[in-house]
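Presented sequentially are two complexes of chain A, the first with chain B as partner and the second with chain C.
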Partner chain A sequence: MMLAMGESGLRKVYPVLESLAALIAGIIGGFIVSAVLGYDPFASISLILLSGFGNIEYLLSISVPLTLSALAFIVPLRAGLFNIGVEGQAYVGALAAVYVSSLTGFPLPIILAPLAGALIGFLIGVLRVYRGVNEVVSSIMLNWTLFYTVSFTISRYLRDPVIVHQSVRVDRMLSALEALLIALAITIAVHTILYRTTLGYYIRVMGSSPEALKYSGSSESRVTLTAMSLGGVLGGLAGALQVYTVSGFIDVTMSAVFGIGFMGIAAGLIGRATAVGALPASILISALIIGGHKLELVLGAPPELADVMIGVMMLALSAPYALRLLSSKVLG
Partner chain B sequence: MSSREHVVLMKGIVKVYPDGTQALKGVDFEASEGEIHALLGENGAGKTTLMRILYGEIRPTKGEIYVFGEKADFKSPREALRSGIAMVYQQFSLIPSLTVAENIYLALSSVRRISPAEVRARAEELSRKLGWSMPFDYPIESLPVGLRQRVEVLKALLAGSKVLILDEPTSVLTPLEVEELFKVLKSLRDEGMTIILITHKIREAKRVSDRVTILRRGLKVGTFKTAEISEPSLARLMIGEEIELTVKGGIPKPGAQALVVEKLKVKDDMGVLRVKEATLTVKYGEIVGIAGVQGNGQRELVEAIAGLRPAIAGRILIDGVDATRLTASKRGKLGLSYIPESKLVGLALEMNIVENSIMTLLSRFTRRLVDVDWGKARDNAGDIVRDFGVVCRSLDDTVKSLSGGNQQKLMVGREIRRRPKILVAHEPTQGLDVATANMVRRRMLNLRDEGSAILLVSSDLEELLSLSDRLLVIYDGRIVSEGRPEDYTLEKLGLLMGGVIDASYG
Partner chain C sequence: MGWKAISRSLAALIIAALVVLGAIAFIAYRQVQAPTETVTAPGKVRVAVLFDVGGRGDLSFNDMAALGAEKAKRDLGVEVEYNTPKSLAHMVPLLEELSRGGKYDLLILVGFLWVDALNKTADKFPKQKYALIDASTGVRRDNVAEFVFKEQEGAAVVGVLAAGMAREVQRELGESGPIKVGAVAGMSIPPLWRFHIGYLFGVKYFEKKTGERVEFYWTYTGKFDDPALGYSAAWTFLGQGVKVLYGLAGLTHVGMFNAVIDWNERGGGRALAIGQDASQEWFNPKYIPLSGSKRVDVAAYKAIEMVVKGAWRGGLVVLGYAEGGVGVWDLEGVKYFAQIAYETGQLKGLTPDDIVRIVKDARGKYVKSDVEAIAKELEGLIVTGKIVFKEPASEEEYLSIIRELEKGNLNAALAKGSIG
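After this line comes the complex of A and B, so read on.
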């Protein structure tokens, strides 16, 4: 009995241990690559970590939109759907936030932007349910369509009269604390939806087995549409918060929002596809990115060193799964 | 033991799956050059497992294999193919969007270096020889199932196979296509090929094979010259004789009609008609059993009744209400409960026991609009676990971590404890130990005595004969016989299930 309890306790902390191991693997990966590139590995890694976590306020304001992006990826993932469209949903959310902000002030832009993202998520869901289009394919195409549409809209209709390569600024910026509170509230909401509501229950059943979902009395189409729309809501909010806490505007090359969706996938996976894991994972990734930029300034080393560390962490996290899969194949 | 005429020789093959299931308990098998050898048995007898071992797809736990007199230890089907063994599965391994020629090239190029043009030329030559006109430039998805099977056979022959294993090849074919296939198999045999035909259809084995090996529950019953053994003997050997009634029920008091199925037609996932005008009735207070060899439409029939699969014709009445077009959850509200054959359907393996315990009755565990009452759900899960003896460390265990038998207890317990008005149970005792299986059987009898209607589909004849108040036999998508259990002898059941006779017999 003691052993059984110990085992079950171990299985609870197991995911946390795996994440820590992945973190260490990432640091070792960064260590090796910086040594190979001819930089002092101790200096570069400590610089990345120290400067990454050096300015907590800045770190948090970068982490919050990323957290939302990670959540936008996670919710559909729990239903077995890959929301690669977070990127496009964030573009649209950012654009909606800038536009609404030019008409009326905070908080309405933050409230309406998710609706724009939801439309995109819903569209991807409709294409999958009624036309059998794989959500990954339609998402990738939509991401680029939306990239140019938003870029065009900014330069044509929402251009700043003085600085012509960017949009008008939003009415105000959110402080890191405000942003953090929003992220915490949304995290709790997503966790509650996933674990305490029938919707979340059906999302998770579908992720486990679509046949079981049908058997349990729900339908795959309904859950797909809802999960993708919900992902879109969160993706749209990610874009709006990026504008409201980080950039303040969108430039015509889209660099203010570009990549947030893709980085959200990394954060979602490093957070073990859980709502509560999204924020810590996003803080970690943001710290690495900030540290990577600092590294370039101080040592002249490529900032991609941070990307290497993120990549190694994701590989390390998928390793236990790959091992399980391999062993079951060999045994089966 | 390297006799040239033993093309395939398997000795003492044992296969224990990681979950402890003994699929094969020491089976010998041999096949000679230039024969059609039928491998006959019920589902679960181990036919397909034995052949997948020969084909190098799964490894035996124990046993030796010789191919053309040489010891073989295939680590993959590719190695088996190189040694001249090919297998055509029930589920074809073809890529739907590629053309026939492309699929054949894909298969051959993985075995040896060859150019697409050469493959094409040889494929055309071979199909001319077989008298087949093949649409080489059409994508597989545009072809009927019969033609897809021919593509698989072409693939196997072009790979230079000397031994061709066919797993239930006729289950997807129309009668005319079956004739054609048999003709081709016989001509291949006359050219010296060895053909192993996995089948549960006695009549087929009798018609086309030269020899027949019978497996039952992982053991070999015997190998016989087909010409020297009768269909009734085959039926008896296939099903076994030791049948013991272990559960006795009270006297049924059938009441009003609970479940009515009228002229139902249902297709499977590949679009093949599996249920062909099935008609049956289950009354309150009775258990109606359906006997049949797996793959004769049982699965499609019960899935259509449960609302998981559309009926293309016919009607389903649940408690007097036309439910043909209703969703699964609406049927549930009419009092229907369904125990599926597959745990992938009936359980969400990644989720925990509590979550699985409310899968089919979520609405009873919600407060207000959306809030799942996990406290109440946990009590319910605890009740099932105690009542049905599910062995687990905690209720928070994922169902995936339970053994197959315990998963089955959870799934069956959940549905039986609901006290459904109508229960459709498909293989409810599969994977259970004898004591638990008998407990489940008693619980179903209790349900019936309380007035529930039960439709029981099972491959366990002992179970069907001891529980059913009425027994139906399904063969090839049709109910071919109906009667009281005591009206059937085992031999007659075997013949009915093997499609040798229909209800007009005896």
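After this line comes the complex of A and C, so read on.
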């Protein structure tokens, strides 16, 4: 079917092919790693690749917050901005969800949490536009500030009276299907914003040439603030969904939310910074993580083996787009 | 159109390669899954140990759980598999999946982080047995055994030894005046209340038996994961002349260890530290000659034993001194943890045998025979059940027990028996 396509059709599937080739490279890389470390490479690679798909509900519920986190990274990236702050935005989103849920109940937490995230995104944008602070630096610092602020707030004000290391539970959980529908709707919305609105147009113009943006009738500061806030909305939602579909609470060590923002960066790169790529990339990463659990159980390997293999595979998968991004930044 | 042809064949190649890889992976996957179902001899008990987030290599709870399970593997002939959840978010789905699979006769859950996941899962799978270690859900279920420890009993013996060690340090320095011992604790939660009561009880027991006055210092840092806080709390106590500090604050008391080491090595004077839970002597055997034990390994072993011997019983299982659940680490235990520390490159040039030798010397030097006799006597009272400690149900009850103990009323801490 694909071979019957014309040249333009081939150009369209080319990125997909490139990602598939990267997947092959990743599988081979993972194979080599486990062989070098002394574990049956056939067994470990097959477990890590396939066993994650054994429980679709588990897979989807983990994938959905990750998808949102990937989208939160993608939108500012298309404007040439690195939103490392997704992590912190997810923290405040999760906190807002837990707090609002303790006051009212579904669906208000899911609606308000993105605003909390947006506030953080906006703040990072303001720092960049008006004080010239690089968004990467401010985000990394804010991530840790928010980590401890949220942890403190949980242990001080929102503690579960019985299980003292965690917050009160949210009022209900979303099923994997409900979460998937939300993720699909948001994906379509983000895709539409990027390709069918003036804002999306400005974002993409700024990403490819900030100079050209001036001539197209917008300003860099306005687009920066909007794109960062939009990223914050999605990051906040990622945190809220993590609580509403996966954990049900935040714990004082932040283990329930930690890492979702950083993982979203990988998912965003693997999905080649496209809205439609975010969900498949997130499902793939989630499957690898779930499958990684099995390595220890079945093969008796230390959990680090899975970590290394997943790392190699994610590196290979995100390499094509990351390299392109780097070369375009360096070469202008 | 050379470009087009090349791209097409490249595309075909990539797809073909993926299909082949997928097929290989699938076949390998089937093979990995298959033997686990056929190899298992019927009647052989299968156990999965689910670690806390962080897993092996913590030189504490997780390593101890593995120690107990490995012992059961050897002695009881069970099959044991391990799993480390990636984060708290994976605990519920992981536990559900393993319970649904029905492959394991027993799932051992290490640590309090599992409480929530267990609450959500246990009722859905009434035939699956669970053992929760060092935590309680507060709900009694027939398929859940909850192992908790009598911290007072171990801490009481540690208290006697701590006072005796502080006395020797003071003699070594040629100081007079009351003996001073202390502890750096984490948060004010029930297990720490029990430690406090036991430790103070032991100190007062020493005072009563020897007639030597002991001053007692206790502080809650409020955190289990802040070494800097532990360092400053310990430094304050050392400045006040405390000679022995008991670490009851997880990672926070690693800071206390460092303060004690600095106090000795930077010329401030002489002081000793005592570890808790796992044997922590390896951290610095010269200045940490002793560790109180909380035997997660014993709990894990007992849980497996209950299944193997068909003696399963849901509900609370309390492990005290008599059951080997708490106490003081012997040199064998010291060596075991020194070995793990050695393998993970944390011994700074020493071997596990060096650690054991140094600890043995330090114990010989600071734990005199009269003190050892007092500790043995107290141990005897506890093990034979002649004295039984109270379980404080509320913070007020705990504090009132502490107030009475400070006045020297040892019996205020006891539910049964008395100290004459």
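Basically, the second predicted complex is superposed on the first by the 294 of 332 C-alpha atoms of A that agree within 3 Å, B and C clash if a C-alpha of one lies under 4 Å from a C-alpha of the other, contacts with A are read in each partner's own complex, and residues count from 1 in each chain.
Basically, a contact is a pair of C-beta atoms (placed from the backbone, for glycine too) under 8 Å apart; a residue touches a chain by one contact, two chains touch by 3 or more.
The structure displayed is predicted, hence computed values, not measured ones.
If you count the residues of chain A touched by chain B and by chain C, you find the higher number for C. In the superposition on chain A, A:204 contacts chain B only, with no contact to chain C. Look at A:177: by the touch rule set out above, it reaches neither chain B nor chain C.
Contacts of A:249 after superposition on the shared chain: chain C is touched, whereas chain B is not.
By the touch criterion defined above, A:219 reaches chain B but does not reach chain C.
After overlaying the two complexes on the shared chain, residue contacts for A:185 are found with neither chain B nor chain C. With both structures placed on the common chain, the touch criterion links A:196 to chain B but leaves chain C unconnected. Comparing the two interfaces of chain A, the one with chain B and the one with chain C have residues 7 in common.
Only residues 4, 7-8, 196-199, 201, 204-205, 207-209, 211-212, 214-219, 328, 331-332 of chain A touch chain B when the two sit together in their complex. Within the complex, the chain A residues that touch chain C are 2-3, 7, 10, 13-14, 17, 20-21, 23-24, 27, 42-43, 45-47, 49-51, 55, 58, 61-62, 162-166, 242, 246-249, 251, 253, 255-259, 289-290, 292-293, 296-300, 302-303. Partner chain A is touched in their complex by these residues of chain C: 4, 7-8, 10-12, 14-15, 17-18, 21, 24-29, 31-32, 36, 48, 53, 55-56, 81-90, 92-94, 97, 112-113, 115-116, 138, 189, 225.
Across the complex, chain A is touched by residues 17-18, 58, 306, 308, 327-329, 332, 338, 340, 342, 344-351, 355, 359-360, 362, 366, 370-372, 374, 393-394, 396-397 of chain B.
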